[in-house]
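Common to both upcoming complexes is subunit A, partnered first by subunit B, then by subunit C.
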Partner chain A sequence: MTEKVLIVDDEKGFLDVLAERMQSRGMEVTTATSAKEALQKLEVETFDAIVLDLMMPEMGGIEALQRIKEKNPDSEVILLTGQPSVSKGVEAMKLGASDFLIKPADINELTEKIKLAKAHRMILVEKKTAKKMKDILRTKGW
Partner chain B sequence: MNIQDAQIGLGGIQFFGKMAASISHEIKNVLAIINENAGLLEDICFMAERGRPIDPARLKKLSGSVKDQIRRADHIMTSMNRFAHSVDEASVSIDVSEVAELLVSLSARFIAMRGVVLAVGKPAGPVAITTFPFALLNLLWLCLDYAMAVVGPGKTIELFAEKTGDGAWFRFGKLEDMAADAAPLFPAERETALGQALHAQILRDPVASEIRVFLAQSRDA
Partner chain C sequence: MTLWSSFKPAFWDHEDVASGPYKHLFNFRRMWKLAVFSTAAVALAPLIFMTVVDYNVNQQAIESDIYYQTARLVSNTRRSISFFLSERRSALNFIDKDNSYQALGDPLRVTALLENLKKGFGGFTDLGVIDDTGLQHTYVGPYNLAGKNYSDQDWFKELRSGEAHISDVFLGLRQQPHLVVSVKHDLPTGCFYVLRASIDTQQFNDLISEVEVSGKGDIFLVNTEGVLQTASRLFGSTLGRIPVTVPAFSDKTRVLEIKSAGEEFITGYAYISGTPFVLMAVKKKSELLKPWNETRKKLVVFLVLSITTILMVILGVSTYLVNQIHAADHKRVMTLHKVEYANKMASLGRLSAGVAHEINNPLAIINEKAGLIKDLISLRNETAADDKLLGLADSVLASVERCANVTKRLLSFARHMDVRLQPLDIEEILREVLGFLGREAEYRSIEVHVAVNPDVPKIESDRGRLQEIFLNLFNNAFAALGDGGRLDVTARRSDAQSITVNVRDTGCGIAQADLKRIFEPFFSTKTERGGTGLGLSITYGLVQEIGGDISVESQVGQGTEFTIRLPLTLESVRKPKHESPVGG
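Moving on to the complex of A and B:
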C-alpha cells in the first residue's frame, strides 16, 4: 500500500528533488515550504508520515511539531535537519517525534523510517478502533 | 576593557561559535541538495538501464542545480574564510562596505529565520576605517540582533554604511517598534565594552527609529 507523506522544508531545491525521488519509489508525496503551509494542509488531509525540517523561517520545526501533536497526537513526525544537535534531537523525541535524521540523509534510510512510521500509525489506529468497538459493545449492551 | 579582552572574552567566543554553527548548518543544507540531485541522477541511470530513455534537458537541469549549490557553498565558505581572518590583526584598514557585506552574509540565516528583510545601502565610493574587524563585526551583529527585535510590523531593516566627517557611520534604520521599547536592554554591557574597545559611539535613537554606530577613520589601538 502506498505511503502518504508530507515533506516540509524551506529549501525548495531540496524539497522538489526529494519529493520526486520518493514518488518514484511509489509514495504519494505532498510538499510544503513552511510550517504554516504544512499546518494548513494538515487541516484538510491526513498523512502516514510527516517529514519536518527543524530550522525554518518564522515557525521552526519544534513549534510545528508541538502544534501537529496538539491537533493530532497520532501523527508520525520524522525530523530531518541540517543541525546535528543532540539536545534538539532529544527535545524533539520528548515532544513526540517518531524519529530524527541528519541532512544529508540516505533516501533508503528515510524510506525505511517512513514505512515504520506508517506501520506504527496503523497499529495505533487499529488499537483505537478496537477500543472504540469495545466501548460501544459495553455501553450499548447488545 | 581593552581590545585583547574584547578579542578573547567569552562573548567573542560565543559570537564566533554562533556564526560557525550557522555556517555549518547552511553548508549541510547545500550538501543535502547536492546529495538529492546525485541520488536523482542515480535513479535516472537505474531507469535507463531498464530501457527508459534519458532526457538531456532533465540532466541539464540537474547539473544546473548542482552548479547553483556549488556557487552558494563557495559564497558561504568565502564569507567564513573572511570571518576567520577577521581575528588576525587588531588594527587594520578596511572598507565599510566590505564589513557591511560580510555582516549580511554571516547573518543571512538569522535574518531569514526571523522573517526580516535587510536592505543594504552602500556609500558611493570606498570609505576606509582602521579598526579590529572581528570586534566590529561582533558589535554590529549585536546591533542587528537588537534591531531585529524592534523592527516592527514592516519587517524591513535598512543598513547603511556611510562616510561622515572624519569617520564612518553604520546605521540600522526603520526600527518601527524601537520607540515602544520602554525598558531597552540596548546598548548592554557587552555592546558598551565593545564600543569602548573600538573607540566607537553607539547611539540608540528612538525618535529617528534607528541605531547608529560611529567609528573614527583612524584610532589608536
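Moving on to the complex of A and C:
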C-alpha cells in the first residue's frame, strides 16, 4: 500500500528533489510551494501525511497547521524546520502535529515517520469505521 | 600592616580601569583625603585659633592681675610704714618744738617725755639730746650713753644739712635690732641740736608680718645695700643679705620679674621716701600660676579630646561616605557591564540564529540532491564505475551532516543567551515534552507514567531550558528502553526552596564505571550509533544555569534514575556572570 504524502515548502529546489526521492521510495507525492496552495489541494484530496515547512512566506507553518487541523482533525502533519527550538516544537505538538524534524533531515528518518503517521491514521480510521459499524448495528437493529 | 589591612576601607586600593576619560572622578583615595583634610581644616582651625587666643588673653589677664595685686600690696604696705615712721618723727618734732633747749637738758623732763612716748606710741627705747658738736649731753635709756660724741658718724654729718634722719636697722649695744630717728632743731643763734630716739623694730616687724602675701610670698624691708631690715620668710632673719640685687631707685611702686636660683619671682618694690628703706614683696611665680596651670592643663586635655573626637568623626563619616560612593560606583560599573554583555550576547545570538537558519535551507537542498544522486545510482543498480559516484555522494552527505551540526550548535547557542524567568507548572512542561515522544512510545509500547505530587508549587524558571532538559533525559531513557519498557516521571517537593523531579526507566542501565563520567562532554557509549556525547553534558550545563543540580543512579540491566533538584526561585541561587568590574 503506497503512502499518499503532501510536501509543502517554499524552496522549490528542495521540494522537487525530496518529492523525487520519496517517489523513488514508492510513495505517492504531491507538492505545494506555499501554504495556500497546500490548503487548496487539501480541499480536493486527502493525504496520509503532510510534511510542512515551518518557515514560509505569507503563511507560516504554524498557521497552516492550525488551518489543516481545523478542517480535518485526523490529518497527520509532520513539521520540518531549519530552525530547531524546543519551544516551537512544543507549540506545534500542542496544535496537534504528529512529529517534528530538523532540516537537513535524513530521508530514512522522514520515511519512517511518514509510515508511522500513516499507521496511526489507519488505526484512527479503523476505529472510526468500527464505531460507525457499531452505531449502524445498534441503530438499525437488524 | 595586618592591623591596617583589617581597617583598610574597601575603596582604598580601588583602581578603576573601566571609567576611561572620567577616571579622575573616581579617585576615591583622593576624594577621601580631600574630604578628611578640608573638613578637618575647617573644623579644627577655628577651634585651635580660638583656644590659642583665649589662652593668651587669659595668661595676660592673670599676669597683669598678679602684677596689679603685687603693686597694690606694696604701695599699701609702704603707706603704713611711711605713716608709722612719720608718726614717730612727728612725735619727736612735736617734743622738740614743745620743749625749749633748756628743758631738754633736764634729764627728769626727758625721762618724763620718754615715758609719755612709750605710752603714747610704743617702741621708743631711749631718747637723747645732742648738741651741734655731736656731744650727747642728755640721755635717758637703758645704757649710759650720756657724753657720747657722734660728730664723726655719717648720720650726724648728713643731719647737718637736712632736717631729720632715719637710720638703717642695726644691732647696737643691746644686740637688738633697732633703728634711730633723729630730728634737728635749728637755734636762732645759728647753732642746732638734735633729738635722737631709738625705736625697737619689733613693732615694725609686726606691722609687716601682718601683711598677707599670696603665692607663698614674702614682704620685707631692705636697705639700699640689700641688708634685710625686717625678718623675711624666704631670705632669713633681720640683717641678713638678700640673694637678689636691690632694684634701682624709683619714686613709684614698681613690679619686676626676678630670677634667682632657678626660680622666677614676681617682685614689687617701693623706695620709702626719707628713709634708707626699700619695701620689697617677693612672690613665687610658680605658686601664683598654679591655679592657672591647673586650668591650662584642663584646657589642653579638653582641646586634645575635642580634636581627637572631631578627627574620629571626620574620619568615620568620610570613610563611610566614600565607601558608599565606591559601592554605588561599583554597582554602576557592574550594571553597565552586565547590560553591555547582555546586549552583545543578544546581538551575537540573533546573528548566529540568522546565519544558521540561512545556511540550513540550502544545506537541506544539498542534502536532498546528494541523496537523490545516491538513490538514482542504487536504484539503477549499475556496477563498478558508479561505486566512486556513490562514495562521492556519501562524502557530500557526511559534510552536510557536519555543517548541520555546526548550525545546530549555533542555534542552541543563540537560544541559551537569555534566561527568561516565569512561573511554570512542572507537570505541564513534563506532559508537553512527553508529547514529542508519545507516538514513539505508542509504537514501541513503552509505558509512560507521570505523577506530580499535589504539594509541588509553581516554580520560577526558564521554560525553554526545562523543556530541553527533560527532552534530553526522555530521549536518553527511550534510547535505553527496549520495546515494552516503562518510564516513570515523578515530581515532589523536597524542601522549602526546591522541588525534585525523578526520571526512572527500566532500560539497560549504565555500568558503574561509566556513571562517574556520564556528564562529561564527549563521553558516549553509542558513538557507533551516531551519539555525539554531548546530550547529558548539555543537560548538566542547563540544569546548572537554572540553579539546580542533577544526579544519577543506575543498575545494569535494571534501569537508570535521574534526579533533578530545581529551586523554586532563581533569585537565591543565580549569581552574576561578572563579579567585578573589568575594563573592555
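As a working rule, the second predicted complex is superposed on the first by the 142 of 142 C-alpha atoms of A that agree within 3 Å, B and C clash if a C-alpha of one lies under 4 Å from a C-alpha of the other, contacts with A are read in each partner's own complex, and residues count from 1 in each chain.
To be clear about the criterion, contacts are C-beta pairs under 8 Å (C-beta built on N, C-alpha and C of every residue); 3 or more make two chains touch, one makes a residue touch a chain.
Just so it is clear, the structure is predicted and the values come from calculations on it, not from any experiment.
Undergrad: In the superposed arrangement, which partner chain does A:Ile107 touch: subunit B (first), subunit C (second), both, or neither?
TA: A:Ile107 contacts both subunit B and subunit C.
Undergrad: Figure out whether A:Leu116 sits in contact with subunit B (first) or subunit C (second), or with both, or with neither.
TA: second
Undergrad: Could you say whether A:Arg21 touches subunit B, subunit C, both of them, or neither, answering first, second, both or neither?
TA: both
Undergrad: Tell me the contact category for A:Gly61 with respect to subunit B and subunit C: first, second, both or neither.
TA: So A:Gly61 meets neither subunit B nor subunit C here.
Undergrad: Determine, under the contact definition given at the top, whether A:Glu11 touches first (subunit B), second (subunit C), both, or neither.
TA: Both subunit B and subunit C are touched by A:Glu11.
Undergrad: Should A:Asp99 be classified as contacting the first partner (subunit B), the second (subunit C), both, or neither?
TA: second
Undergrad: For subunit A, which side has the bigger count of touched residues, subunit B or subunit C?
TA: C
Undergrad: Considering only touches as defined above, state whether A:Val86 meets subunit B (first), subunit C (second), both or neither.
TA: In the superposition, A:Val86 touches subunit C alone.
Undergrad: By the touch definition above, which subunit A residues appear in both interfaces, subunit B in one complex and subunit C in the other?
TA: 11, 13-14, 17-18, 20-21, 24, 55, 82-84, 102-105, 107
Undergrad: Inside the complex, what are the residues of subunit C that reach subunit A?
TA: Against subunit A, subunit C makes touches at 353, 356-357, 360-361, 363-369, 371-372, 375-376, 379, 400-401, 404, 408, 411, 415, 432-433, 435-436, 439, 442-443, 463-464, 467-468, 471.
Undergrad: Using the touch rule from the top, collect the residues of subunit B that touch subunit A in their complex.
TA: Per the stated touch rule, the residues are 21, 25-26, 28-29, 31-37, 39-40, 43, 47, 65, 68-69, 109, 112-115.
Undergrad: Using the touch rule from the top, collect the residues of subunit A that touch subunit C in their complex.
TA: Residues in contact with subunit C: 11, 13-14, 17-18, 20-21, 24-25, 55, 82-87, 89-90, 93-94, 98-100, 102-105, 107, 116-117, 119-120.
Undergrad: Quick check: in the complex, which residue numbers of subunit A touch subunit B?
TA: That would be residues 11, 13-14, 17-18, 20-21, 24, 55-58, 60, 82-84, 102-105, 107 of subunit A.
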